[in-house]
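Listed after this line are the structures, all set down as structure tokens.
Two complexes come next, and they have one chain in common, chain A, joined by chain B in the first and chain C in the second.
Entry: the complex of A and B
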């Protein structure tokens, strides 16, 4: 939670010159595992599952993995940017639900355009308030977005008369086609992930995000627009969460008020599994894509092999998996810093 | 926060006001809330209503005390809600041997999960928020695996009396929470352990260089948080007369963090306000109760809570040092 600026400076790489060669190799290896570990695990899991199970590699199973979950993965995309700056966004689960209700309301009241614009606008405003509180008032992201989690849920309850009113997307509305089938959701989400990756690696904004997560005071001293970038990161995350919710409502056909509880935790877990450091400054969108897929495949496999234990078993495995990944990452990044 | 009465205008400088607000704001707000609630509705101060509020605040307060210690070390413990679920799943298994043993075993489970989180934080140096997040996800799963999916009724007389009996007109649960608060305050103020805890929260690196047993203290703090949460779990089971690991303790981590933060303990560590935490827990409980009693919808209650958290954190920030 503490900004990385408060961390004591790590001792300068004090490796003796003769030990530098193997150290560099080890460092490179560790960095590789950290960046591509999730992808390797994903490939391994898919290979083993395809070889040992008849049902896993079928199209109906794969399309259920992809189509049913794809929109939720957008939360992890936005979360990656926030975590790269060293922050965290706990409000995305509530905003996902809020976006769903707003999307359904928009489709019901004004058609497809309102259904798309309304959630995006509310998400952007919500995110900018959170971002301003974090960057200008200097409040801890954890607490600001925790309040955001409560507040967005409250707003959602107020909009739906305490969950009594459910807004339906009119059958046959053009908005519905955004969420139908397998390919439409997957293509939308894949396109946004590609855009996100380009934004992070090819633009000035992306470079600033990484720089400010690495060392905020250095970024400030270099004259980078730290405050503005921080606000934008929270705007991005909240807008994506609301948009994901709206697309989810297009798939489900209504704004479900009880949805989204705990989604922020899954998003954080996906980002961390994908190799992005929670301290900020290092990570990738590709890693997050691998992270969300790893969790989705685990979920699917458990449903197949251990269905008698139900979702409780999935939670247990997810928690243990996250602990192992974080442990491995900590060890790897320690090797990289040679401390 | 409602403003406190300011000292004379000559003393009116910002830093001083901020410090006063940090130290006493929550008490002033609590008193103001009491007065407003009593004026609006005279039955607010009735013995029956006070008892209900005390029953509801006691488990939250227990958890918040542990959370205050963890936050004092610049950490956070997201696993407390899951530990409550774990305790709720263990209690029915052993309640046949008597309530004391069942509670004791629940406390052991709480201690073990706290030790797990503490080890990840202290030895592996994983950030507290992620270490306890993995426990939060995993432990509720374990609890549901132990208990199965449905809620189980608990009819043991010992547990039921823990959950609903009173002593001198005050619920037993509130007495226990009060004793725990006093013990926690003594622990923080009067013991070496308390000093070390605060020092580590202030500056872990310096504490380590000064030769403090940083790892041991950190693990102990998380163990204490786990034990307190497990005890709260036993209370909740006794009060509700059922064990429901799928639902009990949900959002408890948020309520506990809120109580601690509203009580004036900074999230940056290095300071633990135990009495403030008690006041914070009472304040959040009462404001929810008051709003509900006056037919304000839960949606607006949540918005109000969110606003209070923001105000409290903003007020508790140390200025000038940035």
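Entry: the complex of A and C
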């Protein structure tokens, strides 16, 4: 047998026909843009913002972008795993609010440890139920987590007597220090993103997540633990959402029942902008990190320039931007397929 | 090497005894016995739906038998899932490459058993291992590229490398050569010989008889869910093998020739052609092709892969946007060009890829057949169930579609029966012209013969048929005339006595010189770019010439 006998047509080898080379180059470029596009957009946006606005590049502005939003980005981290398997998790916004109330309740009733453990435990249980319904009962992730969205919101209402009771994190509690300032939240979130990236790229679990989204029947036939992995991504997503909520309550000092509405959609948007395919099988944590930052910068810019038009404008621009990104992604993946 | 097992009860590595398996009332396996020796290459053959795939899936833990048992290395083993079977040393290469195209080659090769350092996957070691493993199979690629960017043959080799890598003692190959080029088949064969030397047993499923004779030691023939023959490959006559598979007398097989087409020319109805396409042009693909089809004749469209045969047929129906050309049906020019308009005019097309362009897998046989007919059955938007049933029953009987009933899901049927369902879908529209793109690809010998006989019959009844087939024999025996395409141009028209393999090959060869300049652009336009030519010495390395299965010279040896 000869090594050249099986060389693929697109390999830039001497024997390959010349016509194949531009195609390979275009494909590589397309896949690069798909993976790193969000980072490029981020750099571009920051550059434009810094050049055109006096207030954007100030530390107070940047620290408010980072500090106020960082915990919410954890929803996008968990969502990346779910979407990579080809699923979706709509319950994270409600779980974020539920985690906040549970965190405040725990800090109020039992101190820092309870404030941390209680939301994590509830999130993990909630996620495992959703995961089991998706993987074992074969229900559609959209429906299961939509039920989760409604259920968690309902539970939240029950816990707080329909918002009448507000749990406060006692002033001076150690729990509060987790959410204070800019650096603590940013470091916590950054550490979790790094761990998430390691989990995705350097563990068998991560490989299974990607394989599962890329070709589920192949993953099954290769003997990968498909069902278990599916459960675990929903556990991961729900736990991260509840933890994010708890940390948010540490920052705000109380469990706010009305927050978190629509956060699941922002998380999905960040993941998609970050280059993860909604159909699963391809994506990265780094992309998601760029995605959340892009959205945060856009928000900040829109607030700065268009605040007189009201916040409705923010969502419209957001939507338009998302549409453009998804359109670009579709075109790119079409280039990759036809080549 | 087997003897290292403590007191093996037999020298079989795999022993399947009395296994039954049924799905929704259909017996897929009935009391099947199957034995596999270490270090043998064992052919498993039979028509589609004979139970080969089910037997493989029982052995590899995908299905669990309803009755009987599976012994592995002398022990009773009921594998609950593919993982257990793999851990025990049985690995499988499935017919369609079952890997993850978006992930890197190395990832695919190592999924589930990545090398680890400090608990994390050691990417560098993984890439190195993968590159080494693949080089042994003659694949020299950048293992960090996505698998999907490789050619199909190379992907198949990755699947093979993966299967063998896990200390396999048994390797099951389900039609491994269906997407390989002849020289890749040679590589595969040398890998198989290597496995045999190492004492690894290989189960080899294929429809290509030449391959079986080239590589297999023993053979098990299945029919209708039961084993009808097991024995040595050598000394088993080809004709005998075919008749075992089909369950027919040898004399009938001999009388019929290699295909089920009748020997006579069809009676061509003169006059205005049923379909006349002139100057069909599709950018980069088809350059001014003319085809006319009269009622009652089969016109073949010949040429190599990428010559523009499918594109021509699609351009006729309007499924592919044309840049020029006209289509007349019974002398009337089709003004609007779309599949719907073509169907209305009586021109229907059986697409090449029945999985993505044909069947609706989740719907029943009834729905799949009557789908295109519904608009005609409807009265004021309401479809008469009784009429629909009548049509469906008629065609299920007429085409002998093997299904438990009209309500069975089409995805549960074998490939041959799915193809018949698609044929029924178009035939129930009572078309004037039928365009068939590879109508017998991927279906078993028996169904193939039935489909061929049906094409014959339809032509006799006055239908105009356009036949595209990569099976040269089928094309020659089935067609009354052949239009030979090359690089999107019609380079030859063969009629009557000229419809021979020799003539087709000569036409292709003589057209070579003019078309050479075009080769570069053509390769780019192809959905699957052609593999680069190997250097001349690559062929010399391949060892003594085995019969190349797709080589017409070899298929000609088939008994007539």
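The working rule: the second predicted complex is superposed on the first by the 319 of 339 C-alpha atoms of A that agree within 3 Å, B and C clash if a C-alpha of one lies under 4 Å from a C-alpha of the other, contacts with A are read in each partner's own complex, and residues count from 1 in each chain.
Basically, a contact is a pair of C-beta atoms (placed from the backbone, for glycine too) under 8 Å apart; a residue touches a chain by one contact, two chains touch by 3 or more.
The shown structure was predicted, so the numbers you read here are calculated from the model rather than taken from an experiment.
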Exercise for the section: Could you look at A:221 and tell me whether it touches chain B, chain C, both or neither (first, second, both, neither)? Expected result: second
Problem - Partner chain in contact with A:172 - chain B first, chain C second, else both or neither - result: neither
Exercise for the section: For A:139, select first, second, both or neither according to whether it touches chain B, chain C, the two together, or no partner. Expected result: first
Exercise for the section: For A:157, select first, second, both or neither according to whether it touches chain B, chain C, the two together, or no partner. Expected result: first
Problem - chain A residues contacted in one complex by chain B, in the other by chain C - result: 1-2, 8
Exercise for the section: Note which residues of chain B are touching chain A in the complex, please. Expected result: 74, 76, 120, 124-131, 133-145, 149, 205, 254, 257-258, 261, 267-268, 297-303, 305-307, 309-310, 313-314, 317, 322
Practice task
Provide the residue numbers of chain A that touch chain C in the complex, in ascending order.
Solution key: 1-11, 13, 15-20, 23-24, 27, 31, 198, 201-204, 206-208, 210-211, 214-215, 217-225, 277, 281-282, 338
Practice task
Write out the stretch or stretches of chain C touching chain A in their complex.
Solution key: 62, 81-83, 85-87, 92, 94, 98-103, 107, 111-112, 114, 119-121, 123, 135, 137-142, 146, 149-151, 153-154, 157, 162, 183-184, 186-187, 190-191, 519-521, 523-524, 527, 529-535, 537-538, 541-542
Completion exercise
Within the complex, chain B is touched by chain A residues 1-2, 8, 88, 133, 137-140, 142-144, 146-151, 153-158, 162, 265, 268-269, 272, 278-279, 309-320, 322-323, 326-327, 330-331
